[in-house]
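First up is the structure itself, then whatever we jot down about it.
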Amino acid sequence: MSFWTLQQVAEHNKPTSCWVIIHNRVYDVTEFLSEHPGGAKIILKYAGNDATEPYDTFHAPDTLEKNLPPEKYLGPLNPSDALALTHAQRDKTKTKDQLRVEEALTHRPPLHRVINLADMESIARRVLSHKAWAYYSSASDDEIAYTENARAFSRFFFLPRVMRPVAICDPSTTILGYPSSLPIFVSGAALAKLGHPLGEVNITRGAFVPPSVHLIQMVSSNASLSFTEIAQAAGDGQVLFFQLYKHRDDILAERRVRAVEAAGYKAIFLTVDAIVPGNREKDIRCPWVLEDEEAGVPPVYVEDTVGAASGGEANLFGTAGALIANDDRSMTWEKTIPWLRGITELPIVIKGIQCVEDAMLAAEAGVDGILLSNHGGRQLDYSLPPLEVLYKLRRQRPDIFSKLEVYVDGGIRRGTDVLKALCLGARAVGLGRPFLYAQGAYGVSGVTKIIQILEREIVTGMRLLGVSAVKDLAPDMVERVDWQPLATKL
Amino acid sequence: MSFWTLQQVAEHNKPTSCWVIIHNRVYDVTEFLSEHPGGAKIILKYAGNDATEPYDTFHAPDTLEKNLPPEKYLGPLNPSDALALTHAQRDKTKTKDQLRVEEALTHRPPLHRVINLADMESIARRVLSHKAWAYYSSASDDEIAYTENARAFSRFFFLPRVMRPVAICDPSTTILGYPSSLPIFVSGAALAKLGHPLGEVNITRGAFVPPSVHLIQMVSSNASLSFTEIAQAAGDGQVLFFQLYKHRDDILAERRVRAVEAAGYKAIFLTVDAIVPGNREKDIRCPWVLEDEEAGVPPVYVEDTVGAASGGEANLFGTAGALIANDDRSMTWEKTIPWLRGITELPIVIKGIQCVEDAMLAAEAGVDGILLSNHGGRQLDYSLPPLEVLYKLRRQRPDIFSKLEVYVDGGIRRGTDVLKALCLGARAVGLGRPFLYAQGAYGVSGVTKIIQILEREIVTGMRLLGVSAVKDLAPDMVERVDWQPLATKL
Amino acid sequence: MSFWTLQQVAEHNKPTSCWVIIHNRVYDVTEFLSEHPGGAKIILKYAGNDATEPYDTFHAPDTLEKNLPPEKYLGPLNPSDALALTHAQRDKTKTKDQLRVEEALTHRPPLHRVINLADMESIARRVLSHKAWAYYSSASDDEIAYTENARAFSRFFFLPRVMRPVAICDPSTTILGYPSSLPIFVSGAALAKLGHPLGEVNITRGAFVPPSVHLIQMVSSNASLSFTEIAQAAGDGQVLFFQLYKHRDDILAERRVRAVEAAGYKAIFLTVDAIVPGNREKDIRCPWVLEDEEAGVPPVYVEDTVGAASGGEANLFGTAGALIANDDRSMTWEKTIPWLRGITELPIVIKGIQCVEDAMLAAEAGVDGILLSNHGGRQLDYSLPPLEVLYKLRRQRPDIFSKLEVYVDGGIRRGTDVLKALCLGARAVGLGRPFLYAQGAYGVSGVTKIIQILEREIVTGMRLLGVSAVKDLAPDMVERVDWQPLATKL
Amino acid sequence: MSFWTLQQVAEHNKPTSCWVIIHNRVYDVTEFLSEHPGGAKIILKYAGNDATEPYDTFHAPDTLEKNLPPEKYLGPLNPSDALALTHAQRDKTKTKDQLRVEEALTHRPPLHRVINLADMESIARRVLSHKAWAYYSSASDDEIAYTENARAFSRFFFLPRVMRPVAICDPSTTILGYPSSLPIFVSGAALAKLGHPLGEVNITRGAFVPPSVHLIQMVSSNASLSFTEIAQAAGDGQVLFFQLYKHRDDILAERRVRAVEAAGYKAIFLTVDAIVPGNREKDIRCPWVLEDEEAGVPPVYVEDTVGAASGGEANLFGTAGALIANDDRSMTWEKTIPWLRGITELPIVIKGIQCVEDAMLAAEAGVDGILLSNHGGRQLDYSLPPLEVLYKLRRQRPDIFSKLEVYVDGGIRRGTDVLKALCLGARAVGLGRPFLYAQGAYGVSGVTKIIQILEREIVTGMRLLGVSAVKDLAPDMVERVDWQPLATKL
């Protein structure tokens, strides 16, 4: 295998012959173009050229080798051209957004000054790239579901009990039988590398600091590191769950599930609320915002000469669109659950239940748990807040809580939020964005920090409720009030 | 017929002898003054002078010929004076508002950056003349009905279903038996020419781009183009409905209906909620705003010397007043519906039903459909939002939905709004202002653009609701919640 | 009777001998000091000096003669001193607030640009003296009752009827048998002279412009003109009612009632909701605001040397305190109504009913009407809005509406407000502040103007409701909704 | 006992040998370090140095002597060094916050301009040190409970009665049998010295100005003066109650109770809602705010080199943490109430009841009263507002009001607030922060001032409600409405 020159590679810059350089290795991706989940267009932007940086941001390192036949690796770039690429990358003028981020990072507050999750979010907002912030924070349409997920908690007030011994207070629990130091887990969230070069393993490491801190992480199919890499970063005895976006091809899906089980994951969370991408406008607008900022002025409109509206350059599916392009849109209770049961012995949890009826169908289907979720408000806008679904479930079908474990995610930012969900019957609650923000702002330390904050808030809250163990949190300790508090600070 | 000079015409500048020039043709409108729906005053402003520009803005080209006896056309202006008029028009100093509009038009964003209807509205707000914006956007009194129409949708949340096959998803339906690519139609809205020189045909052309886009347009009696012109602009197989403001003279009204039917319109929407003009204050204040802007300072008050209040120069009926001055204010179920049935075979829809009782009376009267509407909040302020009327109808009289087709308009801006109305039983929903804004901002292309946006939003919403055809949208998929979301972005 | 010099008068500047000059006449008010409803202090401020200006602002011209024995008039000032006083008055440096008002008056908009009552209020806010604005607009404590009075109307929505003949539409009615061109009357409001030198007669004249405009004015005991003066300003056939603040001394009270009846007043509105002054903080703070404005800086605090809190100079009863200092605080149903029935044949209306129980007691007491009112939010803060009391009355005791006439005031600013109250059973509604603002801003013309505005709004509203006479306004045309509109513009 | 030099003391600046100077006296606190409720760290900051200023701010003068064995007092500082310390203190550069406070104090308004409690709070906000303001005003988490405590009152409206004699109106009552000039008491609040050098005795003196003003003060265990000092400041016949934070050691707790009884206190309010410190973030952030203000810039973040999150310098329990570190977290109804009954004959009141069930348990336990309180929103956020708990109690268990006295605190700022609670059954209501603000802003005079304001508001409110004695305030005079007033001014 000989060395290639930049000039030789540069000739293969067309759909009919498309080569790219990744980490100084030359690949022929011509045939792969049509299979790329993110579409051919984004690859062709780098045809005949170096694609290392975008590749690293969006993919696990082993993605390429898993998806390309070995013969498509054509060989290494010659050393002097490789050096030239390195220099070019170094000398590349930084964008205004990159410069802003660098400046912002030097002004992060000392970590001990972060005393709640809102602090962490506001710091992340300042230190993340616009792209990362837009992808993490965006929600669908007018972001009503996103906002109301959090606001739902503010309608539930406590009826605390006094004169009960709480000198000793234990916030730990088990989830699907696995111990957790708090009734909390990391809900699956994609593309951690957008926020921090180390990506998801920041969360893996920060969530497991024995003996005091050990939370379970649910790893997304769309993580920016492979599930194997993440599993390898896990500590001794650390538990991971897998968030499955089922591929439309059952064979490929089965292969994925078996590999996940082999890698040591302890449960499958089947995602059912993201069958098509939500309309996340902040994410869609992101490239235009950056473009205009770079140019200093917005573009001038040139009247279309033809009568029909041109679709222009808009990628209306945003960052998320590419990630789920090949997902299965024809799942059913009758077909999909038995299929999954047939190929794995892991517990199965349905992620994305949004009404009482489907909760009952899940119980009938015999799954081990359900996660009440509207995908953090990122899918169908005006989907009822998960806490409200939990409340309906508690009132209409209290029997379900003995049939399977019920979890909730969406909008949880305070220890009191956790306690409200547990009073209403949740086994545990998931948090997504807060972990992305924490690792983006302070890496591993940030992740551990927010867990410590939540632990302190949960224990204080339990004691002030007159409760010394999570099992004692009861429905009569919360009341849904008929007024809306003026404002939450978050 | 000889040529006339400007000087000759200028002598006829009184109520007793009033001539005007329109497109270099001289007319004697003395006898017509008292019949002009907009009042004599507005014509007298141009007595003895050129009236081409205001005529074009508010009238269909054939209006004059339809309303004046042939002998009132006195003949052409002489060529040199016609040329002088052209030059005068060209050299006329532009108003501050015209200059603002010209500048704003050069800064419109590229159309592909318009990703929702709120974008389109905010662009229209910037590029429309103040008069157009004031007329289109205004609503009555304190604009509570207008605001609450939209806000009503925000109280309805979804209970989405999962694990249902949605790979194939069809948003099409039929309205009065006519196919529509989406469960949407263009609700009648007047004076499109205020926003764009081509007027209503922008909508006609933009709403019909086969095979993917074909919506039905309801054409207003008060359109700034004649219904014949609009019908002529329609494509092959394109369906148009007619929004009838019934003239108080049954003979004239019948003539109008027969002409409309002859022109190929497929249904009559009889308007019953605009029997007198609403109090649209933004529209009423418009001339003063422009006057003060032009002058640079507001006028100084001169104390009335007489004791009684003087009515001053205020046109308290705004732009709309003139349009409906001759409408029938004595319609009844007993008299009007049989009369209309007697003169046309077209389906009849009552536009402007605002309570359950009248919906039932309409069904008893045997009409083909009802449009729940409060005229976009432009008539009686505090009229209950149409979506709330629909919700009451669904709960109190679910039987009605099998007796006639029920439509809704007012406040619809998102695909999820459409889906909520359909879940509650609406056959289709109408949008008015969004089409005026779209054609005002980008002409035909703007109209098609918002239809494409709505299609994408509707299809995404259906899939995330677990629904693959509009007929499967059901009442149990929406819930009226008892809290009010913090804010909608629109 | 000889002439007095300024010097002679100046010697009587003590509580033990206190003379004042009013319109160049010298009075000995030493013995009257203790009887002055506004307290001795305010008179002593002018002891030995000219008191014409403050006297004119707060009193009817004949007040002095009615309250002082004839011998206390000591005689005229000598002509040269009288001239000196006139010059001194003319040359008196104007306060900053007076200069502001003069400037503001020159910038009033032309009256025809005033198109709703909010316009009138915002103009009044600019052209009234700070004292007038503070007195008129102030309400008690946190002004919740004031704000909620108006906001209550925004919770009632219409269910308009269509296809009903409304070409002819008559908004007139009768009140206690007297005809009124609209279902509206002028609610008693004090001290009109604060806003305009002509005072209450502006309202008297503006409310009666036959044949189209004839409203009934309720004249307050605390008017700044005497009830006789106002009666004299009334037109031929114009009807006036009298708002009685009953004096604690039954003899004096009886004398007042008989005089009122003799002056031609047609009904007695007995005020029962203002038995002690409300805490109107804007009014209380008024002198300090003016003081600081004049001085340019706020005063510096000097620590009290004694331990106890000093009450300082605050007049904690504001302008209203003085007006009602001698009112009867021991009225009862058993005692007061029979007494009043015994001394007059005029119809009796109780002004200030605030709950269903008292409405029933009033009916049992046999009065002719009740005015549901919390004194415009100026008395007990958090008193239930009168419209809500009306709504409760309609639901709990619909029989009462046939026993007596029910009126409402507080927060009415739109024709639709009037119609809502009438649908719920009110015979007519009262407006207070709007008339004070209108006369303050434009005198008589302003008063007529707002009546014309209301007429237009009421007639338009009736037609759009499908109603052609006030008697057809029915409870099923309004609905109390369970949400709160986002904002009213007023 | 010899004199010590500063140099000698300075050598004992370590945990193993720690001396401090207080009021020129030298103490060995080495062994006391581990017992200090506020932790060793705060003492070590002053090891080998003068600690007079911080000692005085947070402790009663006799604290040291009570807690240190006599032999730990090592003797006096030599006179020249004592003088040097005095000079050093005098010459110490003032902090920016101290300078701000000094300036603000010179601009306090004259006391007579303070006309409501909101005025007093806004003045206090300006003239208090940041530390005092942060400690007094802070509440837990997002301060929802704090805000909603006050806002709850705004949902209750009055149904005033008219035609009832109120010329004589008496607002006095008794609390546990002791007379009070108003149905109000001073609720326990700690650390008054933070706001004013004289501390809690300002309140003691200001609340007792016979014959008109005599309120009962509840003195906190955490007062900055000893309960004996406060008792000594009390006037002849003045009544004090004691707010007990029970020590975990029953012996110490008993000693405290007996001493309190001996000092003349008339009741024990046992605190049960503050068993662990609440998360008061404003208080926690206070030192950083002052640090950054002093430095002019916020600190720069230095990346942690270790993976785990460092706890840094944050004192996450704030000012309150130290105060309750040794409190009993194992109290029960069965154990604690009988114990307390066994050691004192004083009436027992439970402070901090937050639900109906615990109110009933308190009645069963035979206590004399309960104070419905969530500790001013400073403990568990989202604890139901006390007024709502009172309302539930009134509806669900009206019988309880005859079994014990029920009090309420939290959010009371107006006379109408007091009247609402009394209508619903409260015997009296407590106010805390308002007294701290009043004494901080104007010392004794400020305290008397707000009592006079409340008296005027209560009497006016009673009269306008038609009530002449507190016993006549009845549940049917208030109504919980289903809307939320737009805004309170406080």
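Think of it as A, B, C and D in the order they're written, each chain with its own count starting at 1.
Note that in this section contacts are C-beta pairs under 8 Å (C-beta built on N, C-alpha and C of every residue); 3 or more make two chains touch, one makes a residue touch a chain.
The shown structure was predicted, so the numbers you read here are calculated from the model rather than taken from an experiment.
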- Message: Can you report the angle of the rotation that maps chain A onto chain D, using C-alpha atoms only, to the nearest 5 degrees?
- Response: 90
- Item | Copy pair chain C, chain D: interface residue numbering same or different (half cut) | different
- Item | Intercentroid distance (Cα basis), chain B paired with chain A, Å | 45
- Whole-angstrom distance, CA centroid of chain B to CA centroid of chain D, is 64
- Query: What positions in chain B touch 2 or more of the other chains?
  - Reply: 482, 484
- Query: Is the way these chains touch best called a line, a ring, a star, complete, or other?
  - Reply: ring
- Mind giving me all the chain pairs that touch? A-B, A-D, B-C, C-D
- Mind listing the chain A positions that touch chain B in their complex? 141-144, 147-148, 151, 155, 272-273, 275-279, 281, 284-285, 288, 298-302, 304, 307-314, 316, 329-333, 336, 350, 352-355, 357-358, 361, 374, 379-384, 388, 482, 484
- Touching chain D in the complex, chain A uses residues 106-113, 115-116, 154, 156-167, 205-206, 209, 414, 416, 420, 442, 444-446, 448-449, 452, 456-457, 460-461, 463-465, 479, 481-490
